[in-house]
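Next come the structures, one after another.
What follows is a pair of complexes built around subunit A, which joins subunit B in one and subunit C in the other.
Up next is the complex of A and B:
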């Protein structure tokens, strides 16, 4: 079975991110637009409504390794956040805990990842967790 | 030289021109003019970065035509306003099915999620299965549906398969599928489960399974009007095909097969009752040996087609004979929420649209009902 190669996939995601074709609740783009390996990305997640995250913007950094999308990217929160699947000292999303990373599928994109993280913040168990002051970073 | 960017905020969208040498703070002032959101309450996001006031627009390498998300800030007096706006956004998208999914407020031009917009994206460049010449009818128009072989060829294409998978793993797409199909809508939350279950996905992406089901459906429904139907159309006197397709329609037992043409007490009796059925003369009391006579009988395939088609329609009617308030319960509630209180009109509009709220709204607003 033929597969869409890594760079084609990432270019496609880049276009989608820049043109804002995806949902409004998350955004992503290359950290350095001159990086031809398209490895380091920035993302933001708009805090889900009706939770302690409401009206907050969380920044994350995403690293798409050479084996993306066969292997999940590494994702790390830049803004401080209190969610069980996020390491409380480094901000890394723990791939052993967060289901989207653990059960990564090739069809998943960074958008899937960001949206699932947002969903994770909005679960009844997580939405009322006390959150650090907005603007604090890891 | 200035660039034009799209600023998106919830359902609203503005095009703003800006000189890239200006600072973000100045850019926010520009946006404030069109959006009426004070610059102090604006937070701008581009490509996963929050734009800082003291930077140039240029430094973020924003290109002409790109999109910037505008988020109203939660600080101070803006807080309540922003809250109010998020909750009103939610009520705008208040389809019952999507309530469980965090409001993926679409950024599309029409404010709705349009899965077809993806079709124009770069991912389809070089996609080989564009319509081939033989898909076009003699008049050059696209009169024929792709025939079965083309369809199967497409299904076996790995690109198509991966697209299919991707589509089904996108919760928004699943929502859309459920919304646009009244039957799925009626199934409620189970529909989503079904669509996302690995089994169903496999079913949709496994060419063999699909081939089987396609052959089955063409057998079941020869009135489909394409050439595959013609092939499976029973020849006069070919009692096995004939009986098996009728039998499929009526859920009767396979054992009645042999009796179908002869036994007056069999479940098909009504269908083959002389006088009430145009085919009666074929099957009357002549039994299986009727084949000889059939050469003399005028045989009109369209009658059989309409008979079988009629059977299918009956089945459909059986499924839908619940009273409208029950059948369209969810849709009616949605219409009520939108301010359409005339029950009769709502039902009429929903009937006309086949249960689609969108379609019903169109006819209600156009005054068609």
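Up next is the complex of A and C:
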């Protein structure tokens, strides 16, 4: 398999995001539709069922740097959330703690990241953690 | 990295030894399927005197699949969107393995010479083009001067 360069990879992800991801549990798109570098993205995660996140929609911002996807993107919660892998003051997902960022692989996408975060919110250890008021932001 | 198909090696060699006038295409050292491209704006078009940076990638299935091509320089054109994506039949439905990198880039250059607002990708630009062609051509000239002028051509990468 040849290595798809950053920009063409991001264009593929953009097109997939525009079509909508299967089960609608996550979404993402360019933050600025004029940004030819395709660096900043907005995403949403629908809170997983049977958890304190149920029916909530969490906004995140994603930054794909010049070395994406060889290096993981930076991702930050805009909506307040209480999960151990998320910095409680900045909303940043800690790359040293969250496995998908820590053990990043080139084949991973923004979709992988959002779906894995959603799973993380639903683990037995995390799903009943008390959550901030709905709609609060970092 | 997997070895490069002969066809790609041949095409690359010829792009260097027998370049198309007004077009350059050079593979990146660390990815020989990924080319840095420049296209000069055709004479008598609003893109005249401009040099546009593009990127081109040959997917695994090339030449069964078309190359992927995108503008890196901002351009005001009804068939090129804000992200530099190009609406061109030979890159999509009319691709044939008989075509090459060279012919694709010539088609892109030809698209600059004859914008087609009736098959738009950038809808707002196409609308302008249909409503006020003279004004749209003027804007395209201004953008060419602002973003594609030869003197400040330094790679966007």
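Heads up, the rule we're going with is that the second predicted complex is superposed on the first by the 134 of 138 C-alpha atoms of A that agree within 3 Å, B and C clash if a C-alpha of one lies under 4 Å from a C-alpha of the other, contacts with A are read in each partner's own complex, and residues count from 1 in each chain.
Keep this in mind: a contact is a pair of C-beta atoms (placed from the backbone, for glycine too) under 8 Å apart; a residue touches a chain by one contact, two chains touch by 3 or more.
Since this is a predicted model, take the numbers as computed values, not measurements.
Novice: After superposition on the shared chain, which partner residues are touched by A:33: those of subunit B (first), subunit C (second), both, or neither?
Specialist: A:33 contacts both subunit B and subunit C.
Novice: Tell me which partner A:125 touches in the superposition: subunit B (first), subunit C (second), both or neither.
Specialist: Neither subunit B nor subunit C is touched by A:125.
Novice: So which one touches more of the residues on subunit A, subunit B or subunit C?
Specialist: Counting contacted residues of subunit A, the larger count belongs to B.
Novice: With both complexes superposed on chain A, which partner does A:2 reach: first (subunit B), second (subunit C), both or neither?
Specialist: After superposing on A, A:2 lies in contact with both subunit B and subunit C.
Novice: Which parts of subunit A are in contact with subunit B and also with subunit C?
Specialist: 1-4, 8, 11, 33
Novice: Going by the contact rule set out above, which residues of subunit A touch subunit B in the complex?
Specialist: Those residues of subunit A that touch subunit B are 1-4, 8, 11-12, 15-25, 27-31, 33, 41-44, 46, 48-49, 54-57, 59-60, 105-108, 112, 115, 118-119, 122, 134.
Novice: Within their complex, state which residues of subunit A touch subunit C.
Specialist: Those in contact with subunit C are residues 1-5, 7-8, 11, 14, 33-36, 38.
Novice: What part of subunit C is in contact with subunit A in the complex they form?
Specialist: Checking each residue of subunit C against subunit A gives 1-2, 28, 31, 33-34, 55, 57-60, 68, 70, 72, 74, 82-85, 156.
Novice: In the complex formed with subunit A, which residues of subunit B make contact?
Specialist: Spelled out, the residues of subunit B in touch with subunit A are 6, 8-10, 43, 45-50, 61, 63, 65-69, 71-74, 79, 82-83, 86-87, 90, 101-107, 117, 121-123, 158-159, 161-162, 165-166, 169-172.
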